[in-house]
Structure formats: structure tokens, C-alpha cells
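Starting off with a structure, shown below.
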Amino acid sequence: MSFERSGVRAAHALRPVRITRGFTCHAEGSVLIEFGATRVLCTASVEERVPPHQKGTGEGWVTAEYGMLPRATHTRSSREAAKGKQTGRTQEIQRLIGRSLRAVFDLKALGERTLTLDCDVLQADGGTRTAAITGAFVAAQDAVNQLLAKGLLKTNPIRDHVAAVSVGIVQGTPLLDLEYTEDSACDTDMNVVMTGAGHFVEVQGTAEGVAFTRTEMDQLLQLAEAGIQTLVQAQKDALAQPLA
Amino acid sequence: MSFERSGVRAAHALRPVRITRGFTCHAEGSVLIEFGATRVLCTASVEERVPPHQKGTGEGWVTAEYGMLPRATHTRSSREAAKGKQTGRTQEIQRLIGRSLRAVFDLKALGERTLTLDCDVLQADGGTRTAAITGAFVAAQDAVNQLLAKGLLKTNPIRDHVAAVSVGIVQGTPLLDLEYTEDSACDTDMNVVMTGAGHFVEVQGTAEGVAFTRTEMDQLLQLAEAGIQTLVQAQKDALAQPLA
Amino acid sequence: MSFERSGVRAAHALRPVRITRGFTCHAEGSVLIEFGATRVLCTASVEERVPPHQKGTGEGWVTAEYGMLPRATHTRSSREAAKGKQTGRTQEIQRLIGRSLRAVFDLKALGERTLTLDCDVLQADGGTRTAAITGAFVAAQDAVNQLLAKGLLKTNPIRDHVAAVSVGIVQGTPLLDLEYTEDSACDTDMNVVMTGAGHFVEVQGTAEGVAFTRTEMDQLLQLAEAGIQTLVQAQKDALAQPLA
Amino acid sequence: MSFERSGVRAAHALRPVRITRGFTCHAEGSVLIEFGATRVLCTASVEERVPPHQKGTGEGWVTAEYGMLPRATHTRSSREAAKGKQTGRTQEIQRLIGRSLRAVFDLKALGERTLTLDCDVLQADGGTRTAAITGAFVAAQDAVNQLLAKGLLKTNPIRDHVAAVSVGIVQGTPLLDLEYTEDSACDTDMNVVMTGAGHFVEVQGTAEGVAFTRTEMDQLLQLAEAGIQTLVQAQKDALAQPLA
Amino acid sequence: MSFERSGVRAAHALRPVRITRGFTCHAEGSVLIEFGATRVLCTASVEERVPPHQKGTGEGWVTAEYGMLPRATHTRSSREAAKGKQTGRTQEIQRLIGRSLRAVFDLKALGERTLTLDCDVLQADGGTRTAAITGAFVAAQDAVNQLLAKGLLKTNPIRDHVAAVSVGIVQGTPLLDLEYTEDSACDTDMNVVMTGAGHFVEVQGTAEGVAFTRTEMDQLLQLAEAGIQTLVQAQKDALAQPLA
Amino acid sequence: MSFERSGVRAAHALRPVRITRGFTCHAEGSVLIEFGATRVLCTASVEERVPPHQKGTGEGWVTAEYGMLPRATHTRSSREAAKGKQTGRTQEIQRLIGRSLRAVFDLKALGERTLTLDCDVLQADGGTRTAAITGAFVAAQDAVNQLLAKGLLKTNPIRDHVAAVSVGIVQGTPLLDLEYTEDSACDTDMNVVMTGAGHFVEVQGTAEGVAFTRTEMDQLLQLAEAGIQTLVQAQKDALAQPLA
């Protein structure tokens, strides 16, 4: 398969980002996020209890679960609930989402409650974990806003924005926000999670083919930094709208 | 909780039904069906292989899987993939959907391939299994149409429409198409699956509280028959549109 | 395989029903029920605790588990305990038995205790779930009688009898109480659960082949009503005997 | 709890042994064996295939599975199929039964087929594994006889009888064939499996309380030898009857 | 494969036994035991809680877990954690180790705490379960000594030594302490567990090929008695050294 | 807990590294690697078959499994085989080890065989995954050398060394090769995997507390580069020795 960036997208350009708040009605926060053809439904659920390791600490907990509908992908993948176990990939991703969100949360200020971010991929075209983190932040913010509005929280436990993007080197060219065909063809794949202030929360780079140099790494980090600034702005724009 | 049918809906009226074809892009058939606030994504996937029990018979297979996103409901329910097993309820529902679809399929005419209907509830407000059956039929038809268009099938293996609706008795009144609050309050709950020709494929009636009489049963079946006719017409209308 | 009702049994006749109480010695109720060659051991166990969802409600719980010995059938089926999971069919059946028994129980009057009905098929020849419900009722009654005799219960929490039978259409003929060869050949298969008063608790009809008409359904329900009256009488006769 | 051998049974006496052949109708061999109040249903199933490790060796396989109905015991134990795993005890017992039967089988003479012995305890009062071995032998013989009668086997692959009994020391007294109350009270518990020729197949002795001496061991082995001779005779007597 | 005892080892001789205390640093007791090329790491962990069945009894608990590294054996065996279940063999062995250790423990004197013996085979060459029992005793003693030194225990809850060895008949010759090639070739295989006082804790003899006679059994027990005396002395010698 | 680097180790110094080849006797490669008190046994197993996704491609496969003995840690952690599942952490680590090794393997040159690296932690004090990667490389080289020596491989499929180290920021100070107490206290934790040529295979940085800046990231990468050069030299030194 020979690589070619789809459409006229520039190497340093994100795909169109769309953030739809209030996508479903029951969750305290419910966001459909789209990075091009990738669509992830992120819901934030508030529960007035914490897992055992946080009991009695006065602190809350933020955690995430990730799933992919069987036919979110080109060919049907088997349903994890039917197989009776989550794959290593699923667990790795949901741990990443959880850590990323906790990085901007003051768990003390959250109080002894749990915020669960469920990120379910309706349609996949690369970058599902980065879209999930970016969308989960908005869902979390909506859930927190509801707690503040109800007086259940006095202060905002969210200290900063958090967003994520993938970068990679495909046939020698550093690219921002890989879609599926690019992801499959890339030599190096990196997921970067950053705060609104521009600091790193996670950097996960993997050489799929040949190992990458320090110079390449620097190029990728630079692309990611710019991309995440744009995503943070998209989060702010979405949250500035009244929630229907 | 005292019962009151929401809005001005008549006892024999369905909720607004919306059928959106081509909701996601990868599946051979992809339908979002809405019965009021209940929203189920039904995808149909074609695979050129059959399960062991059909191998070498020259016949195909039609099967279904059902899932509910953790926060499709009022309070978050735990993710089946994380718990490592599907509940009895889930298995019962997906077996029902599979049987219902097979009832209108000529498996010989389908050839040695498998059609898998994945029904995933994005938002639940009662009637998820009947919406799933009704939507899965449309997704199956779209997948079959694609096989016919590609010349992989010579004749249509689908012999008739199939659709489903719930009926129940709430505080003495027979009601069509129960929503969640009605379902929780009902004495008798019945799911009826019928063909376009008006014959029964499945009838599953359960007395939640007091047992029901033969007269009540007749009333419920009559409500269901009328409701299903309307749903079959909605399927036809949706399928008459060109697929974007 | 061409169908022929075994022996000289009439279409509307039950197979010989035998109910042996006190079949094993440890359980509070222990009944071997036989519908012809189908033999199910039903035990009722009383435990002085309730599942979490009933805790503190003052109500008891009635539940059922179902199993089939590996060689209860013509060819050996694999042991569920060895495979590590119950099939969907097993779960569906045990949920049905539990709901059927609860339909005639006043859980308030039972008090905060659990009655578990274990229905294990020693030999299968069709109708195992309906035999299980019919036998489980007798085991439950024996267990309740023991609680009453010991003064642990003041009033009888059982409000009515409950029994079940299968009906079906085989080659156009409606038949009562299908045995295995009939069950395999039938176009429509229906399990009906009714109370002693003649009201419906469950109706589960499935078109195995062609869909069935309203007229056929009425014929089947009529057969079932008569059959269940006979079964309820058999329960009464068995319970009228002194327990050895 | 102070120990007292029930009834007037002598220390060296077996409980009444009853062997009922043809207890169920589908299996190639089906035996209900009773050691006093202990009742185990042993079925032998013939399948014309072997497990992977025997494929292509020209040899057959003999294996066993063991189960206990939930209410075979004084208090209900949870169903292994529902818990999703067999206990260590169950696995230990079924491995013992399998090894014991294989000890008297010429697997070459059996040919590439599998004989599965399912031993399911209907009622437990101590000694279920020894009853299972003793009954499984009779079921295996009936299954082999059927293969011989059908001409599927030319020579008898069974080289000798095999039977088993428990022995133990209770409050200083060596006892044969422990029932449940004795088993719970015993200091040393030993299960012995022997051939008709009087040789040992398995000896499994465990000090539950204080360790046992060589002299005690010799006493126990002597008791077991005599008991097993009686059991082998009971097997012969049962097999001498025509099978109904 | 024709049998030949490796090296110049006599039929009644143990392989070289090496016991290394303090093999790892975190556990309360940590012993590497070697029976020739068989190497088992035995750690003893103290936890200040007991399993549910011991709660409130004032008694402690001693239990064991057993594992084999995937490449401890000639060919790689699959990892139990990856398969998601322990084999029957693993469960049988860990139950044996637990019972053997409990036989010399005064659980009352241990107090409400749990001692867990983890026996992990680094390299296997026959006799892993007997090496595990022999090494676990030393690890248990080290853990108890630490509790005594810290004043958490006033009296020693260990009443005697316990050690184990395998014996078997290979081509007619009774042999002590079988290594892998002998174990694979043997007709009879017996594991014997004894106390320092020379009493039996467990005797597990299995005829792999032909059944064994009473005379053969006596020869095997005699070999085992002598071997275990030597092992108990090796335990004493090891414990007499200061722990680095 | 206030942080203090143990002993006199400099911030940019590795702990003493020890690599013992031929640690166990059955595996094609068997290496005990020690990073200070962290000890990991890495075995390389060669199997002449490949997983399904590689069948018929002419390519081999390299994969890894990771485990931690229950008492490798300060307090006993439960055994994954007993719980019946590997944690998300375990799966993440074994996927990382597998990817890292594959990065330096020419799978074509390996031929249709599988190399499995089992990395089992005997004693943990931080950095178990980086020690595992560094040790697994040496075990893999030994296994490949054996294949070359036997003539099963014509050319060396290993293209370069691969080694790994952790770096982190503890109380503002960038440190190389974190031990457990440092790891628990650190704000940023990064695992870096590099080739002998000094290129990156994996970079996984996580902000445990506050997010890290680009400057901090550069400092960490520099520390890691130097550390990995030293580790690669240690691998070369170890491999230069004759294998006993």
C-alpha cells in the first residue's frame, strides 16, 4: 500500500474537530468528539463512592473505561464482552485515559466521589485514544459544572485543560494527527498528552519499523505541541456554548 | 411512583420512530433506530465464513450480539467486557434478536456466509430489544442489497419484513411501546415479534406482578399487531430513500 | 425424519406424570418429577439470608438454578462447570423458572430468607424446563411446609399453584407436551406457565420454521390451559400424600 | 461432637452397597451406586474420537468428570457451573477416577475412541469418590459390552476389576468405609483403589490431625483390602444380572 | 527410552540437597531448595489477617501456592496467568503443600494471622512438590523466628519438622528421589510426607503402569523413611547457620 | 517519606548491573539480570511454529511474557494465575518487552519460528521492565547463537542491541535508573528503550504529579542515552564470555 495523505490536508494540520455536548441524556457529561471520521462517545458519570484504595482519604477518584463497538472498524472485531476479557490494548488505553485526566484533577477538591469516563468508539479511523482523552475532558468539565451548580462542589477540582494528539513519521515525513491508513504505514507513532499550559502529561513513542533519532523526536514533539494548542482552543469554544 | 403516560401519547400510540441509515461508514449495513428516547445502533457485518455447525451445509448463518453502553441508562451499569461476562439478560436478548432475524431469512439462499447484527444501545428508555430487532432488519436489508449489487448474491434471501414492539398492562390499562417508567411500573410485559405478513415469530409475555388473563392477552396481542404494522411501514419508508 | 407421535398418545394428552417427593434426604424439599422419559430432580433449599438487592427490605427471595447432567441427552454434551460458563440456554431457563415461582410467592410473607430451587435434569426427552417448573413448585411447597411446621413462618407465603407445559405445532398438528423427537421437528414451540387459578405467568412462543398465525396461537393456548389443569391436579395429589 | 458409628455397623463392615445398572437410558453405561446414603450416578459415554495427545497413536482414552449437585450435601454448596470454575477438590477427584479406570484398561485394545465416565453425586454421605470409582467400573463394563456386542471391539480392553474404599482412624479406631460424620471426625483418612487381583492402583492417606504411624497404616491397608474384595464381588454380582 | 540412573547414584540415595536461606530479601522467609537439578524458590509471607473460615476463631492459617516458570521444563509450558486458570495438577500440588505444613503447625499458637508459602519452580527435574514441601518448612521456620524475635509470637507454633520425598519403582527396582527421566519411566510413583518424629502426614502412591503389590509398597515406604530422615537433618543443618 | 538517593550513588549513575548467562539449564537462552536489588530471570524459548497472524508469511515472531513472583515485592501481591487474569500493568509491560525486542529483529531472517521471552521478576526494587528488556536481549542472543551453531539459521536475524532504562524527576532532580523508593516519590517517570546505535525504540513518559516541561524532558532523554550506552556495553561484555 503506498502512502498518500488523504485530501489536501497539510502535514501539520489536524483533521476537522467536532465536539457535540449533551449527545446522550442520562450521563452528567456526554460528548461526541470527532477527529475526522473517528467518532468517540465520551460520557462522564458521577458516583458518590470511591474505590477501596481511596476510602477514608477524603480524596475522590477519576477513572476511565474504553471500548470499541465491534463494527467501528473496517472488518468486524470480536466483542470483548462476548470473549470474556478485555485485550491488552484496551487496558493500556483506558489506563492512559485515566492517568491523563487525573493529571489535571485535584482529587482532594473532588471529595470522596468517583468520576468515570466511558469512552466508546462508534467509528474508528485512527487516533481513537487521543480523541477519547480530548473528549473526555469536556465531558468531565460538564459533570463538574453540574456538581458546582448543585452546590455539591464548592471549588472547581479541575486545574487545567488536558488534550491529546498523535504524531508520526510516515515515509520520512513527520505528520500530525494520523488517520488509519497513515497509522498503518508509519515508522514511528507517538501519542502526546499535554495540559492547557503546554506541559507534558504523557509521551508514548514507539518505533514500529526502524528506530527514530533524537532529531525526529524533537520534530514530532513540536508538531504535537501546536496540535494540542488547537485542540484546547476547540475544547474552550465548545464549553463556551450553552448546553442545550 | 404513580404512573402517567408521558406527554399526550395515546395508549395505542407508538413513540416517534426515526430510522437513520448509513449512520457509521464501515459496516455493510448501519442503522441508528430511535423509539422516542431509546437509541440503538444496529450494524450488519458480512463475513465469508460460517460457524462450525453450518460448515459444509451450503447454508449461511444470521446471528446477533447485543450490548448497552455503561451510561446508556439512568445510573451507570458496569461494563460487561470489564466484568468478563455477559449477563443472562444480554444473552437472552441477543438470542431473541438472532432468532427473529433468522425467521425471515432463507439461509440456503444466503450461501455459506455469516451476517452478524450488532445492536448497541447508546441511550435507553425502554424497548431496547424491540427497537434492536426493528433496526437490525433494516441494517440486514442494506447489507443484503450490497451483496446483490456486487453480484455476490443472485437472489434475495430475505423473505419478509420482521419488526417488534413491546406491550404491557400498567395499572389496568393495556399500553403499546412502553417507555422506561411504564416498563418499571407494569404488571404484565410482552414483547411481540411479527413478520410483514402479520404472523408471529416470537411472543414473550411475563407477569411481573399478578398473572394475566386470556382476555388481557388478547388485548395485548391486538395492540402489538397494529403497532408492528406501523413499524414495518416505517422500515419500508426508510428503505425507499436512497442511501447517502 | 418423518414425524409420528410415539405410542398411542393423543395430540391433547400429557405423557405419564410421576412426582416423587423426598427423593434425596438433605434438602428442605426434594422432588423427582417425570414427564414420560424426562426426569428432573428439583430441590428446594432454605437459606437465612437474601441477595444484596433484597437486604433490609423485609422481603425474601426465590431463585432457581438449572443444570443438565452431561449424559442426560442422546449424545454427551460438555459439562458447564468444566467449560467455566453456563450457556445462554441454561441462563434463560433458570431465569424463567425463578420468575415463574416468584409469581406465586408473597416475598413479604416469606421474610428475609432465600429459597433456591435447583433443577437438575437426570434424563432428557423434551420439556425439561416445564417439568422443572412443575416439580420445583412441589419442592418449594415441601420446604415452606417445613418452615411452617418449625414455626419459622406464621403464614403460608405461597398464594397459588404454578405449573408449566410445552405445546407446539408439528406438521400442522397442535400437540401438547412435546417429547424430544417432536420438539426437534416442530414449526412452532411454545412454553406456557400458568397458575392454579388459570392465569398466565409466562407465554414464550417461538416460530422455529414458518411464522404462526393468531388462530394457531389460540389453539396452542387452549391445549396448554387444559394440560396445566391436569398438572396442577397431579401436584395436589402428590402433596396430599404423607411425606415418608 | 462425640463419635459413634451409626447403627450397629462393625468397624470392619461396609455400608450396604447397591448397584443399579441402566439407571438412565441414553448413556452406553449408566449405573446408580449407593454406599449407604451416598448415591452417585455414573454414566459411561463412548465417543469415536480421542484428545489431541492420543491422536494417531492407535490408542484410546479413558477419562472422568465429577460433580456434586448443589444440594447433595447438608447445606447447599454453590454450583460450579455458576461460579465458572471447578474447585481444586473436584479436579483432584476427577483426575483420581480417570487414573483409576485407566489402570485396568488396555488403551491399545480400546482403539481410537474415548470413554468418558461422568460421576455425579445425587446425595452425599462420605465416600463419594470411592463409590464413584466402584460404580464407574460397572458403567465402563456395560459400555464395553455394548461395543463388543456391536462388533466395534473384537477383544475386551478391560484387564481386571477396579474398586475403591475409604478407611480412617477415628478416635483411635481404624474404620472401613467412613460416612460423613466419621469422615469429619477422623484423624487419618485414606482412600485406597485396588484391582480385582488385589494389587494397589492408588493409595492416598492424609493425616487430618496428628500424623499416623507405620503400624496404623498397615491396619488401614488391611481393612481396605478386605473391603475392596467385597466390592469387587458386588460388581460381579451386578454384572451377572441381565441388563433390563 | 531405556532407563539408567544418572551418574553413580545408588538406588537408595538422595540427590545432592542444597538449602539457601535468605535467597530473596523482602519475604519473612525465603529459601532456594535444590534436589539435584530441581530448584524451587520457597517464600513465606506473614499477613495479619485470616481467610473468612478462620475469622473470629482465634486461630491462624497456613496455606500454599505453587507455580512453575514457563521454561522451568524441557519444553516451554504455557503460563497459567496468561491462560487464566491453574491446572488441576497445580491445584493438587498446592493443596498438598498446604496440608503438609499445617500438619506441624499449632494454628491456635500462630494467632489470627496467615502464613502463605509460595513455591515457585525455577528449574524442574522431578520431585518439585517434595522439594517444595521440604523447602517451605525452612522458609516457614524463618518467618516464625522473625515473629518470635519481634515479640509478635510468644511461643513457637511449629511442633515438628516436615519433609517430603518421592519414591518409585522403575523397571522393577525401588528408587529414592526420582529425577525427571526416572519419573517418566516409572511404574509406580509415590510421594511421602513425614514429620521429624517419623510419622506419616501424606502418602500418595499411584500405579502409572501395572498395579503394585503390598510388598512393593513396604519397600517404597522404607526407602522414603530413610530419605526423609536425611532431609530433616539437612533442614536442621541449614537452620543452624546464622541468616545473613 | 522524604527522598534520599540510597548509598552514594550519583544522580546520573546506574545501579550495579550483573548479567548471569545460563542461569537455568533447559531454555535456549537463560539470563539472570540484576539492576541493584532488582532481579529478573529472562529465558528465551525457541518453538518451531508461529502464531496464526504470521502463518505462511515466511516470517518468524518474537514475543514476551512478564510475571512477578508473589513475594518479589515488599508486601505479598496476589498470584495472577490464582486470580485467573493478568493485570493491565502486566499486559502493558509484556507488550512493551515484545515490541522492544522485535525492533531489532529481522523476522524474515528468523524464519517461521517463535522466540518467546519469559521475564519473571524474582525480586523487585524498581525498574523491572527495563531490566527485563535488557536481560531478554542477552537471552535472545544466546538462543539465536544456538540456532546458528546448529545450522538452523544461516544468518543472524538480530540487527542491533536493544536495552532500556528508567529515568525520572524526584523533587526537582533528574535521576537515572530509579529504585523503588525513588519511583514511588517521583513526579515524572520515563522508560526509554534504545538500540545500540543510539536510536529510540520506545519512550514512555508519565507525569505522576505535575506535568513536565520540554526542558525537563530533554534532561531525562540525555540521562537515558548515557545510561543505555553503559547497559549495551554490559550486554557486550557478558556475551563476550564463554557460556558455561
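A, B, C, D, E and F label the chains in the order they appear, each numbered from 1.
By our rule, contacts are C-beta pairs under 8 Å (C-beta built on N, C-alpha and C of every residue); 3 or more make two chains touch, one makes a residue touch a chain.
Chains and their UniProt names: A, B, C, D, E, F = Ribonuclease PH.
No experiment lies behind these values; they were computed from the predicted model shown.
J.: Identify the chains in contact with subunit B (Ribonuclease PH) as well as subunit D (Ribonuclease PH), in label order.
T.: C
J.: If contact pairs are compared by residue number, which of D-E, A-B or C-D agrees with A-F in over half of them?
T.: Interface equivalent to A-F, from the options D-E, A-B or C-D: D-E.
J.: Let me check something: if the centre of a chain is the mean of its CA atoms, which chain is farthest from subunit B (Ribonuclease PH)?
T.: E
J.: Taking each chain's centre as the mean position of its Cα atoms, how many Å separate subunit E (Ribonuclease PH) from subunit F (Ribonuclease PH)?
T.: Chain centres of subunit E (Ribonuclease PH) and subunit F (Ribonuclease PH), defined by C-alpha means, are spaced 32 Å apart.
J.: Just how far, in Å, is the C-alpha centre of subunit D (Ribonuclease PH) from the one of subunit A (Ribonuclease PH)?
T.: Between these chains, centre-to-centre, one finds 59 Å.
J.: Rounded to a whole Å, what is the gap between the Cα centroids of subunit A (Ribonuclease PH) and subunit E (Ribonuclease PH)?
T.: 51
J.: Touching at least two other chains at once: which residues of subunit C (Ribonuclease PH) meet that condition?
T.: Residues 84-85 of subunit C (Ribonuclease PH) each touch two or more of the other chains.
J.: What's the ring order, kicking off at subunit A (Ribonuclease PH) and moving to subunit B (Ribonuclease PH)?
T.: So, from subunit A (Ribonuclease PH) then subunit B (Ribonuclease PH) onward, the ring reads A, B, C, D, E, F.
J.: Okay, in this complex, where on subunit A (Ribonuclease PH) does subunit F (Ribonuclease PH) touch?
T.: Touching subunit F (Ribonuclease PH) from subunit A (Ribonuclease PH) are residues 85, 88-89, 91-92, 94-95, 99, 103, 190, 194-195, 197, 199-207, 210-214, 217, 221, 225.
J.: Within their complex, state which residues of subunit B (Ribonuclease PH) touch subunit A (Ribonuclease PH).
T.: Per the touch definition, subunit B (Ribonuclease PH) meets subunit A (Ribonuclease PH) at residues 24-27, 30, 37, 39, 41, 43, 45, 47, 65, 67, 69-76, 79-82, 84-86, 90, 116, 118, 120, 122-124.
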